[in-house]
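Take a look at these structures.
Heads up, the next two complexes both have subunit A, just with different partners, subunit B and then subunit C.
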Partner chain A sequence: MSDTAMAAAGLGKRFGRRKGWALRECAFRLPAGRVCAVVGPNGAGKSTLLAHAAGLLRPTEGTLTVLGTSPAAARERMAYVAQDKPLHPQLTVAETLRWGREMNPRRWDRAVAERVVADGALDLDAKIRVLSGGQRTRVALALALGKRPELLLLDEPMADLDPLARHELMGTLMADAAEHGTTVVMSSHVVAELEGSCDHVLLIGSGRVRLAGPLDDLLTAHTLVTGPAADLDGHTVIESRTTGRQTTALIRPGGRLAGTWQRTTPTLEELVLAHLRSPEAPSLHLDSDDADDPAEPVEAAV
Partner chain B sequence: MVEYRIDRRTGVATYLQIVQQTKQALRLGLLEPGDKLPTAREVVAATAINPNTVLKAYRELEREGLVEARRGLGTFVRKSLGAAPADSPFGAELADWADRARAAGLERDDVAALFNSVLDTHFKGDQG
Partner chain C sequence: MTVKTAPAALERPGRAFALQGLVRVTLRLHRPALRFWLLYVAVAACALLWIYGFALDAAFGTFSRSGCRERVVEQACDYSGTERAQLGFAESVARRLIGLVPLFAAAWAGGSLIGRELERDTAQLAWTQSVTPTRWLAAKLAVPAALLVTGTVLLTLLHRLMWDRHSELWGSAGTWEWNQSSYFVANGTLATAYALLGLAVGALAGLLARRSLPALGIAVVALLTLASVISSLRPHLWPAETLTRKTGYPQQSTGMVVGDGVITSSGSRVPDPYCAYDECRAARDVVGYYRDYHPSSHFWPLQLMETGIVLAVTAAATAAAFWLLRRRTA
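Right after this comes the complex of A and B.
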């Protein structure tokens, strides 16, 4: 699958002329079939980016294409679940699903929607307003997945859910991705819980793309080194801390690493935190068109 | 059927955990030739991990000749591993030995250390 689910070039957004840029010079490419985490601190521009993909906002400059076309033209083939998950509080679960079918007469997959609801053991006759946050999210997800979208956009889907509900909903999402090859793009500021589920990452900081690419490639492009304080010339140092005689640093190796350094591959959380603590660190894009055949990572000679 | 447990803190890659747990089930006779592995959908629904991780693990098992993917049907065990199913005489003897070690006051760590040291002596040079 070399299809592109989402691609941005020079994407910028400014709300009103006096305000700053919410997004600036964003460029990335997300291949179809991936589960992509859009991570970054609150206010970084994650929601703004998703709203552009959903066709709810127009770029001030640059372009964003979705499923090979404009967001407006792709509307039928994608689903978007906003952070506040708008549902009609007076409808029952069953009525909500019927409403979903009426809204999407050509694409509605009743079996999929009903299974998502059944997996959560929801009472079909319960009104939306009496449901818990996790149950509401499940109904919103049922509406979105019942549309059988090629691209599913989720804005902070797991916020305000307890750990069990998060795990169950993520399981439901992954099962749908496994069965239908749905491309999933979800934003979150809780990074650790996404690590096992996503295989592609977009890190947004201050409206810019800081990291973009397949998760494994991004992790192996970085090394966490620990050792007696020494210079790291020749490597790109993202973050470095020295305590007494010991230095800990997250680097992008630029060649041979001295043998005195102990090295490990960072976790996604370590990678994200180091970049957020170092706003000046250069961005890294590993999602160019030939990303299916990534450049050999620099071999760290012992 | 096996059920995979994913531990995110071990530092072992998730797909390797699936490979190792499958091999463990093959060694213990919990999986036998002809048995079907859970579908990627079933695994990810229970564990919330990425589907591609499961597929990667199954590809690795297939590459090692342990399982085969049958188009549209699923992934099936081709051959078992080792000769020590859970109910073999060796298992019973080991359980008996462990009981005696415990009765003699050995702790779990002592037993593990002892067992590993015997393993190292008797299976020197063999692949783990």
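Right after this comes the complex of A and C.
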């Protein structure tokens, strides 16, 4: 198994000649075994990126490699759950699982797929068209996990789920990923949904990679400072807001910080929001090959 | 087919199983269409068998008893009688069912087989399993193609059976024209070829439109256009035979007419000036009349030439569909 789950170089995609770029000059590297959150606002290009990784789209320029090869060649070794959870509405749950087995004859793990479905207490003879959104998501996830993928691509997996179903499914997913060492790439525009389950972050804004790297490294590379309005020269200021004489700023420290500042480590949400509010802030890549540290065990915490 | 494995073990069957699986998947996803096709073939086949085994003889019995057989010129008595009406109805239903297969195939392939799958993203779901888009499309086309060929070949054979029985009984007194388009198609390889063309055109329309309803519309319009263009070429696909006569057209009504007109003394063919008298003919240098036509012995050459063209267009549409799919996906 390659130690890189996914890598992009100069990846760009334009739909039609007159439309703008959905992705532009994307470059990043995701080590295997990580749980990676792809975050960004609606329409940022998250779905386009995942569809490229799944081999459903061809890049207009640049390359994207998956599990050390092209997405088409890695088809058998990865699973993809699209945003709207497409399933054949005329099939029953049991027939859908049989469909999965027949579409993945060399990889299918029936027990895993059936367990995911059974955990949701789904009626095996129910047609897909009568299932609720949460139940459909569970069947889609059963199809994906039944394939026993090395790389699992999930596009907004938890959208339109109630909090309880979200919690349950995330638990199922993370437990399975931890057990098999699966690399998970999960997109969401709800950052809170991913905090606590991911250890790697890819922030996409306007089709470009704004932040890429291990979550902890990204968080420690930034500091949230509060204090009387003062100069922040020598530091990279991502965002700064002043109310009265008090200034709050998210910075990438470039040296010693004056003692007047109160400093805290930002949360993922603060980090993401600050970067999205400041589109002109420079991007930060902490995922280059030489800066790579051995992948830490995936935490199954939810 | 049973493949027993321990619950926790990965199933690792061979390539043959993978192929069978893809066939089963295609059949299961389109079960209503499969049922419809079986019913369709059954209805047409029953009608043809009924005509062959019963209706033709019954109609011929009344026809003979009425004495019409000896007086062929009196057309009125050709079309009377309940048996004759029943025969005519059943025969036209069966023939039209055969003729409509390509249209149904195109509408279904565009709207349901491909268009709906792309619209609902279930095609994308399939492509992210272990099956490449190319193999997915190959299965989508091969399984219905096999069923269409089986069904249309069966119906064609039954139609020929009925046709031969009719010729046997009526002989030259028959009113069924071999060159009338729906008989011509139902009696040969064209019924199958046009059905396959419908499937290919529908699949291409589905991939182009990527939505169910527009794909259905495009498929139907494209098929009707192609079929009318190709069948308009029909009389020109084989060298015609020529009949000539000094005054008035040769009596040749039971063949496929390609063209007619008058011949001048220099031997050139010109449009008919519609002369009633010899003076008129002489003034316009008309020395004779000609008619180009296909006798019934040209049935197979014409049939096979057109089949070749239809299959070539089918192959082109299929190639275009694969090309389009490969260009879009990785």
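Keep in mind that, in the parts below, the second predicted complex is superposed on the first by the 289 of 302 C-alpha atoms of A that agree within 3 Å, B and C clash if a C-alpha of one lies under 4 Å from a C-alpha of the other, contacts with A are read in each partner's own complex, and residues count from 1 in each chain.
Here is the rule we use: a residue touches a chain if its C-beta (ideal position, glycine included) is under 8 Å from a C-beta of that chain, and two chains touch if they have at least 3 such contacts.
Worth saying up front: this structure is predicted, and the values here are computed from it rather than measured.
With the C-alpha superposition on subunit A as described, subunit C and subunit B fit side by side in the combined arrangement.
Once chain A of one complex is fitted onto chain A of the other, the partner contacts of A:100 are limited to subunit C, with no touch recorded for subunit B. Between subunit B and subunit C, the partner in contact with more residues of subunit A is C. Contacts of A:178 after superposition on the shared chain: subunit B is touched, whereas subunit C is not. Judged by the touch definition given at the top, the superposed model places A:58 against subunit C, while subunit B stays out of reach.
Contacts of A:190 after superposition on the shared chain: neither subunit B nor subunit C is touched. Contact with subunit C, but none with subunit B, is seen for A:110 once the two complexes are overlaid on the shared chain.
Of the two partner chains placed around the shared chain by superposition, subunit C is the only one that A:88 touches, whereas subunit B remains out of contact.
Of the two partner chains placed around the shared chain by superposition, subunit C is the only one that A:80 touches, whereas subunit B remains out of contact. For the three-chain overlay built from the shared chain A, the minimum Cα spacing from subunit B to subunit C equals 17 Å. On subunit A, the patch touched by subunit B and the patch touched by subunit C do not overlap at any residue. The residues of subunit C lying in touch with subunit A in their complex are 5, 7-8, 10-13, 17-18, 21-22, 24-25, 28-29, 31-32, 120-122, 124-132, 327-330. Across the complex, subunit A meets subunit C through its residues 52, 54-58, 70-72, 75-76, 78-80, 82, 84, 86-91, 95, 99-111, 143, 147-148. Within the complex formed with subunit A, the subunit B residues making contact are 6, 8, 14, 39-42, 44-54. Subunit A contributes residues 35, 119, 167-168, 170-175, 177-179, 195-199 to its touches with subunit B in the complex.
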